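Going by the order they are written in, the chains are A, B and C; count residues from 1 in each one.
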Amino acid sequence: MSAALPAFLAAARTQLGEFRREPGTLLMLVTAPFFAVILLSVTEHGGRADLAAYALLAPAVMTSVGMAVMEAGESIFRDRASGVLEAIMTTPAPLAAVLSGRVAAITAVSLLGIGECWLVGALGFGVVVAVAHPLVFALTLAAAAAGIAATGVLLAAVFVVGRNVRSFQNSLTFPLYLLGGAMVPVAFLPWGFEALSRLFFLSWATDLLRDSLSPGPVAAFWPRLGAVLGLSAVLFAAGFWLAHRLVRRVRRTGTAGFA
Amino acid sequence: MIAVLRQTMWSGWTDLRLVYTPTTWAFGWMVRVLCQVVFYSTLGTLLGDPDRTRFLLVGAAVFIAANETMMASASTTWERMSGTLSLLAAAPAGMVAVLAARSWFWIATGTLSSSIALLALAPFFGLRLGFGESAAAVALVFVTALTNYAVGLCCGSLALRFHGLRNVFANIALLTMTAFGGVMVPVAFWPAGLQWFAAAFPAVHGLAAVRLAIGGGSAPAVLAEAGFAFATAAGWLAVAAASLWWFQANARRTGSIDFGD
Amino acid sequence: MSLTGIDAPAVEVRALVRDFATARGGPPRRALDAFNLTVAPGEVHGLLGPNGAGKTTLCKILSTILLPTSGTARVQGLDVVTDAKRVRPLLGIVFGGERGLYARMTAAQNLRFWAALYGHGRREGRRRAAELLERVGLGPRANEPVETFSRGMKQRLHLARGLVGDPRVLVLDEPTVGMDPVSAHEFRDLVEDLRGEGRTVLLTTHDMAEAEALCDRVSFIDGGRLLRCEDPRVLGELLSRHERVRAAGVPEALAARIADLPGVERVRATGPGAVLVETDRGGAALPVLRTLVEAGVTDVSTAPPTLEEVYLHLIGERGMAVRP
């Protein structure tokens, strides 16, 4: 019997427990409403009620991406420092399954940010954003969550495999928000940046999410959803490959910072 | 005391070298800073309003100085972790001085990254700055960093006391300033109560001074805002000292002066 | 064609070498040097050696988290390098120290997590966790965070963790380090139970009494090499034959008299009036004690020889050096 699924679920449960025991890890959910206030105040002050959906969607996406980048990296570092990572490698469970389980739980919890931001709009500004195309919204959100989790798995592996890469962890968030079109659609980015951002699943996902909130028809939904899923799959594959390489390197050198 | 301060400043410098190498600073932190400022500035592009774009650019760029000096909060708790804090059994005022000396480098790097972001991105978002304006802006960015550092220390002193929430205070304070302090929209957008609240933060006055200086404001007006920045900073320093005193008293009572986590 | 099965040795190590790179491109450090070992199914095998002898390196290679530089290692006939995936479910590993547990989670939560990593569903994981916690005597503390546990309790939890996958072969790396004497005694009973269940146990230790009490055979290892593989009775015999007597307040004349007693190998002065008497014959300590007490010396104690001394005797009898 494969240990992958039980390991995935157990890692997810462990991560949920960690959120409960250490509320500091939920910092991003505390800051989400502030970003909603900041961004919504700009569109409201500019008299652009039509952009309110943008301003409420952006902080939710930023929270989700931010938590995947920060927490996924933290959790694997903690596991390494406590010797848990080494012990995991002695079990039949693939490391990628354990990592994915953790990141899946992180991403699921981060989606609470959507509700928070929606409440900020409704209670703070009297702005209620309706979801014009619920099915498009739900499907895109699910695909985006998968992509965000894939980003988390990949980065967690990168942080452990690469030396000194971790200093960049804190620096990754805003570049990803910008290239992912979290607030401003990437079509507004200059020259090469837009092309680059099209390789990142998030730019397709945020465009689709914005379209799902506006009453007009959603053009080319399935191909665009396909782009989100396809690019996310590439990230997953890269993350799993790197996790596999990490395991091989630890076995070869015997030095992944263990005792 | 001078020797202690010199020693502390040196240990702060070695900490900085742990946080950044020249490479991670340039390709990590500076890239993030530029992306963050572009992120907010493009909001103006989205709204199709060049004036708003420039307003957002200046606000976001100057607040990098606030952002970075808030990191003094985190680096203050490194002192707790390294256990050296227990050596500073002097009066709370002495402790404030030592903690202030320890994390001074954030003022320097904050001024640097903020100024680079403002001056480098200005041409791309249609903001023309003459030499005099640029020089004045950099000087006032330094004032912003310096005075906001007091807020960072205050958050740091709270972080020492409530270690589990060490990252929360600085983040909340920074985001509160960013939301209501005239960074993205003029302070006047908010209800009067929030306007008063925002006026308590030195960086809000520092930013106002920069906006006046590059927007053709009069010298006395600029100096008045700078003065407010220093005045409010003094208030925050007093709160930091009180908080450290409280931390110390509590630590003595509970015997946790060793702070070993 | 697979060798997996009852007839294959539980552990078979042939010409195993493991080098570690040293800092700044120096010559590699050889942790294991042409190491050979065969452990039969159901055997409790002791791996005895001082710190740095290569015991932990061997355990890591067997538990698939370290690749050998050359040579082979098989568990139940499966190669730990080429067949690592099939080896892992067969093995339970208990590393010494406190690493490898989630400190903030409870003992039961930890065990459920590890049960899942061995492929057990939630219900089965709960059952196993509860059962194992009872077995290692942590039942009453099952729902307390591991960080509140003593070192010995963590060590017992580690043992439960090693058993959670119901392994045929159990590798225990210094499992009693940090245990209090009562726990260590209970641990011995537990290993006896494991033997009764037909499991193979590879136990590393530097505690000779532990090795003698628990093991069917004992391998002596130092400098990455296997020195000898013996029946533990040989060890027991060595321990009693080389018993030592420590005494204080011994006049020189008395010391000289003791040196002439039969079976006394030598008398070393360890301080003013303090001596250490080494014997090389079983029962030789008794006349030494009698002589001392009759002469009015009351500050007297006996002790088994140290591991290093036993090694010297072992090697001396074979006439080979520990490290070339």
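Quick notes on this structure:
The rule is short, and it goes like this: contacts are C-beta pairs under 8 Å (C-beta built on N, C-alpha and C of every residue); 3 or more make two chains touch, one makes a residue touch a chain.
Keep in mind that what you see is a predicted model, and the values were worked out from it rather than measured.
Averaging Cα atoms per chain gives one point for each, and the point farthest from that of chain C is the centre of B. Of all chains displayed, A has the C-alpha centre closest to the centre of the whole protein C-alpha set. With centres taken as mean Cα positions, chain C sits 56 Å from chain B. If you average the CA atoms of chain A and of chain B, the two centres end up 28 Å from each other. Chain A and chain C have centres, each the mean of its CA atoms, that are 46 Å apart. Annotation for chain A: residues touching 2 or more other chains are 22.
Those residues of chain A that touch chain C in the complex are listed here as 1-3, 6-7, 9-11, 13-14, 17-18, 21-22, 82-84, 86-93, 98, 250-255, 258-259. Every residue of chain A that touches chain B in the complex is listed here, in rising order: 22-24, 27, 30-31, 34-35, 37-39, 41-43, 45-46, 48, 51, 54, 164, 167-168, 170-175, 177-178, 182-185, 188-189. By the touch rule above, chain C contacts chain A in their complex via residues 20-21, 57, 60, 63-67, 85, 88-89, 91, 93, 95, 97, 99-105, 109, 112-122, 125, 161, 165.
Interface residues of chain B, counted against chain A in their complex, comprise 19-21, 24, 27-29, 31-32, 35-36, 38-39, 42-43, 45-47, 49, 52, 56, 164-168, 171-172, 175-176, 178-179, 183-186, 189.
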